[in-house]
Amino acid sequence: MNEKKPLLQVEGLKMYFPLKKGLLSRTYCHVKAVDDVSFEVREGETFGIVGESGCGKTTTGKCILRIHDPTDGKIIYNGRDISKLPKSKFKENRRELQLIFQDPYESLDPRQSVCSILEEAIVCDRKFHTKEEIKKRMRELLSLVELHQDIALRYPHELSGGQRQRLGVARALACNPKLIVCDEPVSALDVSIQAQIINLFRRLQEELGLTYIFVAHDLAVVRHIAGRIGVMYLGRMVEILDSDDLFENSRHPYTKALLSAVPTTDYYREKRRERIVLEGEVPSPINAPPGCPFHPRCRYATDICRTTMPELLDRGRNHLVACYHDGPCES
Amino acid sequence: MDNEIREISCITDEETRLKAKKRRKQNIRYFFTVLFGRGILAKISFVLVCIFILVAVFCPLLTSYTPFQQELSNALKGASPQHLLGTDNLGRDLFTRIVYGARFSLSIGLLSSVWALVIGVALGLAAGYFGGIFGGLVMRLMDAQLSIPPLILALCLAAVFGGAVFSISLIIGISAVPGYVRVIYGQVLSLREYDYVEAARLIGQGNFKILFKHLLPNCFPTIIVMFTMGVGTAIMIESGLAYLGIGIKAPTPSWGVMIFEGYKYIFSSPHLALWPGIMLMLLIISLSVVGDGLRDALDPKLRGKL
Amino acid sequence: MSAYIVKRILISIFVVFAVSIFSFMILQIMPGDPARLALGYEASEEDVQTLREKMNLDKPVVTQYILWVKGVARGDFGQSVIYKQPIDKMMAERVPRTLTLGIPALFIAAPLGIVVGVISAVRRGKPLDQILTFLTTVSMGMPVFWTGILSVFIFSVELKILPLQGYVSPSQDFGQYVYKAILPVFCMALPMIAGIARQTRTNMLDSINQDHIRTARANGLPERSIIFRHALKNAMIPIITVIGMQVRVVIGGSLLVEKVFNVAGLGTILTSSINTRDYIVVMVGVLIISLITVAVNLVVDILYGVIDPRIRLSRR
Amino acid sequence: MGNKLLEVKNLKTTFFTVNGEIKAVDGISYYVDEGEVVALVGESGCGKSVSQLSVMQLVQSPPGKIVGGEIVFQGQDLLQCGAQSKEMREIRGARIGMIFQEPMTSLDPVQTVGSQLAEVIRRHKKVSKKQAWEIGVKTLEAVSIPDARVRMKNYPFELSGGMRQRIMIAITLACQSQLIITDEPTTALDVTIQAQIMELLMRLVRENKTSLVVVTHNLGLVTRHADRIYVMYAGKIVESGVTEDIITKPRHPYTIGLLNSVPKLRRDCSEDLNPIEGAPPDLANLPNECYFLPRCPYGKQACKGKKYPDLRQVDGQEHFIACFMDIGNDEGCTI
Amino acid sequence: ACGGSTKNTTTSASPESSNTAAMTEASAPATLTPTAGGILEIGGSAILPTDVTWFKVRGIMEVAFAGLWGYETLMRYSATGTPECFLLDSITPDAGALTWTMKVKDGITFSDGSKLTAEVVAWNLNYYKENGILASSFFSNFVNAEATDSKTVVCHFSSWEILFDYYLCRTVLIASKEAFDKGGADGLVANPIGTGPFVLKNMTPDVDMTMDKNPSYWQGQVLLDGVHYTYYADELVAMEALKAGEITAAMSDSYSSIDSLMKETISLTKTQTALPSYAYTMCFKSNDQNDPCSNLDVRKAISYAIDTQALVDTLTYGYGVKTTQWCMSNNEYYSPDVTGQPYNLETAKKLLADAGYTDGFSTKLWYLNIPQMSDTAAAVAEMLSKIGITADLNPIDAASYVNYIGGWDSGILIHTMGMEGGAASQYATTFVNDISFGLGMNAFAIPDSLDALVKQAKSAASSDEAVKLFKKVAYDVFEDQCLVKVLYCTTSYSFVSDKVHDADYCTVQNRRCDLWKAWVG
């Protein structure tokens, strides 16, 4: 799968939100939500992004979808930089890039029935004209996401969380997308439902050849679905690696801390496992510390970490790490 | 919504459609349960509003007089079989005038609320959705208007535009606009942030479609409640204007005008002012109770809860 | 906080500016020529023209507006056409009358409304709540003048315990002032009490169901502290907004109350000036009223900051 | 084991709503020993929070009402005292502390952290304002909040989620509660902060011999921290036992399904997960049979038509399940 | 008696005699002796358009409420409505020389101490000619006044004006020239200086007015310390205040409250003015060919369709008077020939059919937007509907009412005619073609014969002849041409508490009060 051409390349993406103050709304500083992030996603692959709250996962996704206009950087989709395309030009690609939201409730218009939600998404395409075609497509979509057709006449509040999320997926699929950004699509769901949805994602990818950017904060979930994983901290990518390598070969101290913080249901191992409990909290992206963003919480931090931001360097086997202490983790 | 069921019907079978119908019936039942679940007051108010509406629609059937028909020789008489509530100073049948007053008051309330709704919702939607300088300007102007009490605003405008039903309703409507704009603006601001608006944009929906397909329908419950409450307020303002002698001109049987005119006789024939006053009070109160009930019944937050 | 206050003040200034344009527009759109009205229907055309020039009516609208605003800023409101008096003097007489009725009404209504609202929220669904809700609904549904007429009918005509009407300034004779102000203040306060009580009830119910109240309960805090220290304080912001909004209601209602109780206040002069097309008085009256409301709303905005640390401490 | 600190017997809490009666908690029994960590797990909406609120008698009423059962805390039946009673108010906060899920909204937004803390301390201890403040500062230090003195003067919105949750813990700590009930204490927090908070709680349990009830749907969390686990489904307890038994040898199909649904950190991720199909039942109209039957992969024809199964003991020890069938621990349970 | 007069003029006013027509139900016991001091509390409300300007003093030469206590007129009406000298000793018309010569009474001083001299009177008259309200109607022939000596004023006329004495009763208030020279018109507004028994102390518009006694009143010692007038927005309240004793005297224009007060048993002196106050009149737009009202038959039909008795009974509760013209039968100008189209629906319908309006037509009713007028209009509209005429009700705001008096778009204006001036002065200023301001000046089709007749009557050399000619005018106006139809006529009622004695409050004329002899006890 590594041989496929990259569908999306993100290069040096920056998204600074200005913070305004005072009467004249003067910008007095920026929230560096995404700061120099680069990665690429191959066709048919799933790229996972993990990180703690506020580290810029959603913002990265939204920049790719052009919901936000990035401050700087390139987003090369299908060989074309879409980050600076004018809105009118971008229209052609609009429907190929879709988003699945975290909150399945908020992402559905409570006043629209299931069929009108789908109809809206189908009709926008202008490919389907007659009622018959629309209905056929609708049925297709519903069965694709394993929803019973009964549901067509219901309203979102009459659906369960899992059904809502499936409907969200169906709506995205109605646009025939190539790339779907999934923004924590399972975080709000119960474990059993979460598993159903994850399975669905995987099946759809196989059947339709979709490419996902899968955002989550649960490492286990991301590892399960993604081929490659990017770990973000405070607006920066600190490590990018194949998911198979995650448990055994992760090298960034932050990734390790994350891994150890995730409790597992493996009873005997869990009882034995030594935990790295990080001190302190994630600093605010408004005044990120100089140097490596992780250094205030890192136990390996040295002087250089405090002054200079380490670069994200390839350490072989498609494994990129941004740390001066790459992988000395003995414990 | 019924068309929808029919149109999409072929993707579902008969049974599902029946189920959907049943569910909607349940929803309607739920709506009424909440509407009436507020105790006897709510029920009485709802019945009263219905009665007032019926009376307003069918007033010619309820009485054999016209509201202007006089019997000068029979002026200022108390209740009698011919005149259920007695007669006024020109020998007009008080009951008839009150009955026609319902028609008048309700129509002026409805008409002015329609004005307020149309103008207010349009401005509120535009200001909320497009925001920016335009939105800010609209809101500041609304602040400015809000700083003038509606009655005073209506008074000034009535002096300019005169006291025809049309202009009075427009005037009262205008004075209610900021209320709508503010609420709709606030709603749109918060609705705009909802993911489904983003989703609609992602599937390539245009601004206006989003505005009218997603934002406006989601404001409906608020609009309906405001409208119901607005009718009562409009009637109240109209009566206030009439009391100040600036509203609708006599002899139109507006309750406000009747109170204004009847007040002269409060000592000798109190019924002239009391009856229209009581009716006015009942109508306004029941409208506001029904509005309250609607607010609860339409509140999506309360759906499924309670 | 200071930036917040300055921002609110700037907004208020803009609002006042907009209102001054509106008040000025009254003169422009109302039918009739003020100069002609001032001189009477028999005056010669030249005289009218001279007065028009004196009143700046012959100048372009913008110049007129600027001159008017300049005058107002200097405290020179112009002269009433009908009363033949300087308007500032008239207003100095009348505004205190409205205020001495309106302010007590507001100060009675606000605490009373809050108390009633809190009681019915705490006793939600109980008979006491139902009675209070019924009463507030009824009081809100009664037009002010109707309350006035009824209370006159009951207290003055039937029971003969209160005066029919009239006004005495508190500085002149405080006892008489109180005696005469009881009914008008009551009529003004009643719908306010109801409005504030309703708002309080709604917000208290919201507030009582909030998570932090559950926390307070789970920590075993006494009910009184929960209701007043935690729930009410949190519910206070929308309540204050409503109290601020009531100022409009007071002033709007003063038109009617002053008519019922024959008080020659701001409301009366507005009504009669509109009737007699004394536009300059109307302009000033509307401007003063909106100044009062804007000022109160500014106070309310600042109170938000005092009550809510999120506003006070945020840098914006 | 040790002394039973809290024993809940056959607790029933029902919400009377327009949509019908919702039996949110339908006859659950459990107990907590002194110094023990007990976990309550289950899917969303199965009645975990309501059961804990019922213990504190803080269920929103109306529409909620405790319709039956006993809550014996240190030998005293709390239900007898009544929700509004003085005793109950003395117990709340002082002897049973409760920490809620949403640290964002659980503190009064318009009062400083210090004054809230001091108010609770003064409520339960006869101390002056100043002393209460000092105790507050000390407890904040005890829950490892840096600059405690400064933080006391902060408003909740100035603090991060983890910090707020620490303050909630500090309140229970200051009053030296014997039992702390935590309702999803870490769900809203980041993984690294979650770990910090759990460490803190466990330290308190160890040091102060406090008992802890953890309500959660995070199975990993209970695996690591809990002594005993109760699994809830649709208002009922379906399986209970010591953690080792439940996690390694689950016997109820629901527990098995739950455990199978969890994506594992180490497992080969090319395989699909094994979720429980379907969704939990609507509590307003429950069937007159085993509630799990429609989703049960092992469900047999034999289960149909039978009344809801009673809890029964399996495997000796304290392992109970509410199921007609005997599903061995190797049958479909993979870890 | 004033010598050399061809017209009867009374030399001095006698308030006692004016009480003859008053209807007095309770009077003070004769045994009480007058005592000085005390304040008379008067209450009232303003409801007519003139009243708006009446209480709120607008200009020294305008009808001002203060004038009735503070200002006085050169002449005033006797109880029968004929002019009598007041500030004058005598007045003598001379048709041949086109002059009226007046002798000013001696010893009259203004409240500022300045003397009332011939020069002051002449200045007042000339000032009125220039600036006065209605001057263009009443003073149209007046050229100027000159003081020939300290007591004599000679008024010159461009053509003869027999009704000049009537005009002097109406609106020409005499103010102090000295005060005017000092403060101008505005100064007099703020601080009116007249010859009346009371001096304005302070006035708050819309609230009240306090007047102190004039210590050097020319008619004698003023007994009251002062009067305090309270303005009531609502007349009903004024009446209640009277009952409650908050005020001691009140005058009412609203018949509903008169009715309730007349029935009251509490002891009040209830007095009806000797002179009628208002005539409620329908004026037809008769000069427009397209308007059905331009047809005489239509006007008569409408006139026949009005049941004036019913109007009197309902709208005035019987306190009004049914009459056919702008005066009542005791007036010297009353013409018995005028029948005023008595109520007869059959005749009305027949006339309408004759005029070609078998099915009626629709027209407009214009009226001032006050309760009494709108009731009247509503009643009239209802009566017209009985002969098939649909009348659209068009109330007019007080402020714009004057714009309608001269001419209204179409149909009928219901107008309230002030009656104190007597019929003749009304005819003289209404039914001529070349006036610059006045009722119906752009709406009445006045035949040349009528115009000539009025002018002839106006300039009649003797009052007897004038009376004869004006009766003819009345016949022309009400009967022959039917330009206007009198609906009903009203007098005003005043109510004075029994504690107040000798108050000549509104006994002769609406709002006229000789309070200088009144005392409170």
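Read from first to last, the chains carry the letters A, B, C, D and E; within each, the first residue is number 1.
Just so we're on the same page, a residue touches a chain if its C-beta (ideal position, glycine included) is under 8 Å from a C-beta of that chain, and two chains touch if they have at least 3 such contacts.
Keep in mind that this is a model prediction, so the values were computed, not measured.
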Contact-graph separation of chain B and chain E, given in steps at minimum: 1
Shared interface partners, meaning chains that touch chain B and chain D: A, C
Chain centre separation in whole Å, for chain C relative to chain A (CA means): 54
Approximate Å spacing (C-alpha centroids) for the pair chain C, chain E: 42
Whole-Å gap between the CA centroids of chain A and chain E: 91
Chain B residues counted as touching two or more neighbouring chains: 159, 245, 263, 266-267, 304
Touching two or more other chains - residue numbers and ranges from chain A: none
Multi-chain contact sites of chain C, meaning residues that touch two or more partners: 31, 157, 259, 275, 277
Chain B residues within the chain E interface of the complex: 68-70, 72-73, 75, 89-91, 159, 163, 245, 249-251, 260-261, 263-268
Chain C - residues contacting chain D, complex: 125, 209-212, 214-223, 225, 229-230, 233-234, 307-310, 313
Residue numbers on chain B that touch chain A, as the complex places them: 1, 4-5, 7-8, 10-12, 16-17, 19-20, 23, 194-196, 198-205, 213-214, 217-218, 220, 300, 303-304
Chain D residues touching chain A - in the complex, by the definition given at the top: 43-44, 160, 162-163, 190-196, 199, 217-221, 223-224, 243-244, 247-248, 257-266, 269, 272-277, 279, 335
Residues of chain E that touch chain B when the two form their complex: 234-236, 240, 254, 256-257, 259-260, 307, 310-311, 313-315, 369, 371, 374-375, 378-379, 381-382, 393, 395, 397
